[in-house]
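Presented sequentially are two complexes of chain A, the first with chain B as partner and the second with chain C.
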Partner chain A sequence: MRRAGVHAVLIAYSLLAVAPILLVVMNSFKARNAIFGSPLALPGPDSFSLIGYSKVFRSAHVFTWFANSLIVTLGAMVLTLLFGAMAAWALTEYRLRWTHALALYLSIGIMVPIRLGSIAILTMMRAAGLNDTLTALILVYIAQGLPMAIFILSEFIQQIPQDLRDAARCDGVPEIRIFFEVVAPLLRPALATVAVFTIVPIWNDLWFPLILTSSESTHTITLGVQQFLGQYITDWNSVLAALSMAILPVVAIYVIFSRQLISGLTAGAVK
Partner chain B sequence: MPEPSAAPAMPRARLAGLMLFFLGPAVLIYSALAIYPLIATMGLSTYRVTPTGEPYFVGLANFVTLLTDAVWSKPFWNACWNNLKFFAVHMLVQNPVGIALAGLLSLPNLTGRSVYRTLIFLPTMLSVVIIGFAWNLILSPLWGVAEGALKTVGLGSLFAPWLGLPSTALITLALISVWQFVGIPMMLIYAALLNIPDDLVDAARVDGLSALRIFLHIKLPLVAPTIGLVSILTFVGNFNAFDLIYSVKGALAGPNFASDILGTFFYRAYFGNQLQIGDPNMGAAIATVMFFIILAGVCVYLFAIQRRMTRYAF
Partner chain C sequence: MATLSIRGLTKSYGDARILKGLDLDINDGEFLVLVGPSGCGKSTLLRMIAGLDSVTKGDIRIGERRVNDLEPAARRIAMVFQSYALYPHMNVAKNMTFGLKFSGMAKPEIDRRVSEAARMLRLESLLDRRPRDLSGGQRQRVAIGRAIVREPDVFLFDEPLSNLDAALRVSTRVEIAKLHRLLKATMIYVTHDQTEAMTLADRIVVMNQGEIAQVGRPLDLYYAPANLFVASFIGSPAMNLFDIAPAPGAKFGGPSVEPFGLDPAPAGAAFKIGVRPEHLRLDAAGDFRVAATVELVERLGEISYAHARTKDGKAVVAELRGRDVPEIGDAVSFGAEARDLHIFDADGLRIDAAHVKPPG
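Moving on to the complex of A and B:
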């Protein structure tokens, strides 16, 4: 009896979480009059239509935006993981008098959002000729992701048994190879956690693409869809189709990787 | 903290070279694009430009303008107040709902646990822009989905174009944000609840405490540090929010600035809009104020909240 109550609450909340998303995706496959006439009905043989999608593909640079988002997200992720792991290793392994202070300095960015420096970032990017390039976005996102990456990876590196490194050192393996060949492979689970923390905010970010990119060819999918929606707000077929195209890939990836993702999130939280 | 592992014995020059190799890229990018811009923005807030474009130092005059000149101070206090309300809705709705969901999910032998977790966390993964637009459509009187849903439960008369009314726009936006991000407190608190040792709970159960009282009196105090962490994350996120309001209501944060928060106010000040031309120096002044608000929140958390809570040694 008690259990039934618990399930009822959880099912109700799950529905509340998923229904709005489902509603948008469902209606994106319907003709205009069916969207308004029966919004809660599934698309049937007489209401099914892909007109919204064909309009979006014709009038928007969807593939360019997707490619840009992929380049920016993956580029920033790989470099954040690489530079973050290298820094975390040096900070935990070679403790000198100033490494503690440096670790504190690097952790400021965990709490203070880098967005607040946007005006100076934009000025610098213009001066460097990087304005309106994907490189600018990648660099900013690396700076944004590094503090958290270094923090999580340092905690993890401390747990790697000392014997492993010492054994390698006795064999005369150079320090740089110890990191890349002995330590880095052991970091894989932690790197997966950090990857999640890095990818999601970058893919979804509106702010930096909005201020750093101005031409349509450098828009990311989030900014592109946002601008498209603003222009076509009265064309419901196109709006619903554009929303669904932004939703579906993320949902697909999320469903495939949700187990790793959630265990990464909860493991990161306990630290 | 474990005893620091002694730096391996090697010549100083080689150690310096290694440090440079491992730390160089991270420190360089972080300093150039995270720390320097923050300092440069603060610097910029102490300057103004002449009509010919020559910058000159004015000290704190921009801040005096922001706080006293009605053209700036009225929207500034409006944005601050709205931001505070935005944060209050998150604290009063998002965190209690997150705690309740985490409590239910952590019940022993719950079937379908991972399905619930996955579904409830799903909106958190999506872009704020997408969520904002989706809700904009759902709440639109044009489409009538929300109205129809209320009618089926007999509450049709309650419906109003909430996003369009000055009295409800901000609260509605805050609730949309709560709906999207409730997954984060839920997950963090759920993880903390799972880490409570069984023997503590067993002892209480042997003493005959009900499940609800065990949760309220034993488990909740033990996860208080996580609730503190969630609160500060919410604070920083809220006082730096922008994307949702901008997507749903545009840079003017309508109707009549009813949903204007510091993020949108900052954006308008810097980039300009239909009503005024952009002013980088005033923009920098607003960003600096936002920085100090966030810093104050973080300090309260670090010194007042976190210190008082002794973390249970798991």
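Moving on to the complex of A and C:
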């Protein structure tokens, strides 16, 4: 009985979460009249249309936006994981005088949203001549993802047996190689977890592309889609088609990492 | 192969002194076992020799070199851990070669060492396996193999058998002993298991609360413990200890101990006498006699342990041979020969010069 109750709540929540996405995907396959006429209906023989997709594919910028999103997301992810893991290793393995203060400083980054610093970031990027570049976005997203990445990875690094690091030291393995060849391979589930946590908000972010990029050639897909939204006329077919396509990479990443993700999320809890 | 010398070695964490100025010399090719209760500092001492823990004060020399400030790898040591500490994502061969890669050793030499170690430890058929596909005993052999291929001056073992089941522990113990004879290397071995200590060691170092209680050959420790701690730590069941005080007529005795003479009489009024369980006999003859009531008899076949209690509440264990064992509730009188008695003064130190004269 209790299990049934729990499942009912979970199913209700899943429906609530999936419904809008389903609506977007469904309507992206419908003609304009059908989207407005019966938004909740499945695409039928008379309402089915690929007009949105053909328009999106014809638009010259969509592929640039997709490419930009990919570059920014993957670039920021790789660097967040690399720096995050290295920082976590340094903070957990080496007890230096500033370790404690540094860890505290980094944990502030988890609590204070980075968007509070938007204006300062904008001024900084202007001053550095990085305005309207993908580099600016990557840098901001690294800063955004790093505190959480360090926090999660530190927990995992602490679970790697001390004996293993000691054995490597007795074996004469240099510290940097201990990190890359002994510790990092064992962190794989944790890295997958952090990767997903890092990627999803970056891919979906509208705020920083909006304030940091101005030309169409540096837009990301979430910002680019806004081009289809007009003040008087909105091209809903294109908007929905582009959004549906934008969902795909995130879903793909989830599928790829899900196995690792589960072991990563549960590893800390069970032990 | 090398000697090792430790002078005034101290380790402190803040105010807590873990090691209190140890002096120890280890001979070339010697098998030295560090033994003691948990928290006595034996593992800390091993880790300091390995270079994994820093030295607070004092010197460690391997051969002629002072190694205090050297990295573990530069000390020419190899360590085998209780948890095996194999690299889980590498196969057996890679586990053994991983460290050698960084020493700039030529590939043919690495291959030679690995195949030799694999042959010695019967690991040839396992070289492609990952650690998770190996049994506990195989993992420990790989861990030993990883130490052998380094051809170190000193092998360090940190309770290497503790994670193995009883049968495997015995066979691996024998293998380690053979390995020592084969390699003739200096080995330092930490354990809390006195069977391992007694069977493997050339010399045993008994440690207690950050100090060395006694260093000596296994049988010396057993038959001539230098103090009460070593006396009660080595030997199972533990040595029986009796409080002794002066008795009328220039004799000594205890609440349940028949008065006996001592020549020369030890200085100080109170002292203790220890008797190992196998030296107590039931016939009430002998130079030293103690009365007790039997509470429990454990019959193991060739021997039986009689657990008894004296009337002042002291537990006495006697190891008896053959079929002649007392029943529970029997009032018995145990006896022992003068040469089997250990006398300790009020400070717990052994008195060797005193001779026991029989009662009567």
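The rule is simple: the second predicted complex is superposed on the first by the 204 of 271 C-alpha atoms of A that agree within 3 Å, B and C clash if a C-alpha of one lies under 4 Å from a C-alpha of the other, contacts with A are read in each partner's own complex, and residues count from 1 in each chain.
In this text, a contact is a pair of C-beta atoms (placed from the backbone, for glycine too) under 8 Å apart; a residue touches a chain by one contact, two chains touch by 3 or more.
Quick caveat, the model's predicted, so the values are computed rather than measured.
K.L.:
Figure out whether A:4 sits in contact with chain B (first) or chain C (second), or with both, or with neither.
P.N.:
Touch partners of A:4: none, neither chain B nor chain C.
K.L.:
When the two structures are overlaid on chain A, which partner does A:173 contact: first (chain B), second (chain C), both, or neither?
P.N.:
Only chain C is touched by A:173; chain B is not.
K.L.:
State whether chain B or chain C is in contact with more residues of chain A in the superposed arrangement.
P.N.:
After superposing on chain A, more of chain A is contacted by B.
K.L.:
Just chain B (first), just chain C (second), both, or neither: which does A:20 touch?
P.N.:
The first partner, chain B, only.
K.L.:
On the A-aligned overlay, A:139 touches which partner chain: chain B = first, chain C = second, or both, or neither?
P.N.:
Only chain B; A:139 stays clear of chain C.
K.L.:
Identify the partner contact of A:161: answer first if only chain B is touched, second if only chain C is, both if each is, neither if none is.
P.N.:
It touches chain C, and chain B stays clear.
K.L.:
Which chain A residues are contacted by chain C in one complex and by chain B in the other?
P.N.:
Touching chain B in the first complex and chain C in the second, residues 169 of chain A appear in both lists.
K.L.:
Mind listing the chain C positions that touch chain A in their complex?
P.N.:
47, 50-52, 71-74, 77-79, 81-89, 98-99, 102-103, 146, 150
K.L.:
Show me the residue ranges of chain A that touch chain C in the complex, using the header's touch definition.
P.N.:
Counting only chain A, the residues touching chain C are 161, 163-164, 166-174, 177, 181-182, 185-186.
K.L.:
In the complex formed with chain B, which residues of chain A make contact?
P.N.:
6-7, 9-11, 13-14, 16-18, 20-21, 23-24, 35-36, 39-40, 83-84, 86-87, 89-96, 102, 105-106, 108-109, 111-121, 123-124, 139-140, 142-144, 146-147, 150, 158, 162, 169, 175-176, 179, 200, 203-207, 210-211, 222, 225-226, 229-230, 236, 239-240, 243, 246-247, 250-251, 254-255, 258-259, 262, 265-267, 269-270
K.L.:
Within their complex, state which residues of chain B touch chain A.
P.N.:
For this pair, the touching residues of chain B are 2, 4-8, 10, 15, 18-19, 21-23, 25-27, 29-30, 32-38, 40-41, 44, 101, 104-105, 107, 110, 112, 114-123, 125-130, 133-135, 137-138, 143-145, 148, 179, 187-188, 190-192, 194-195, 226, 232, 236, 240, 242-243, 246-247, 250, 270-271, 280, 283-284, 287-288, 290-291, 294-295, 298.
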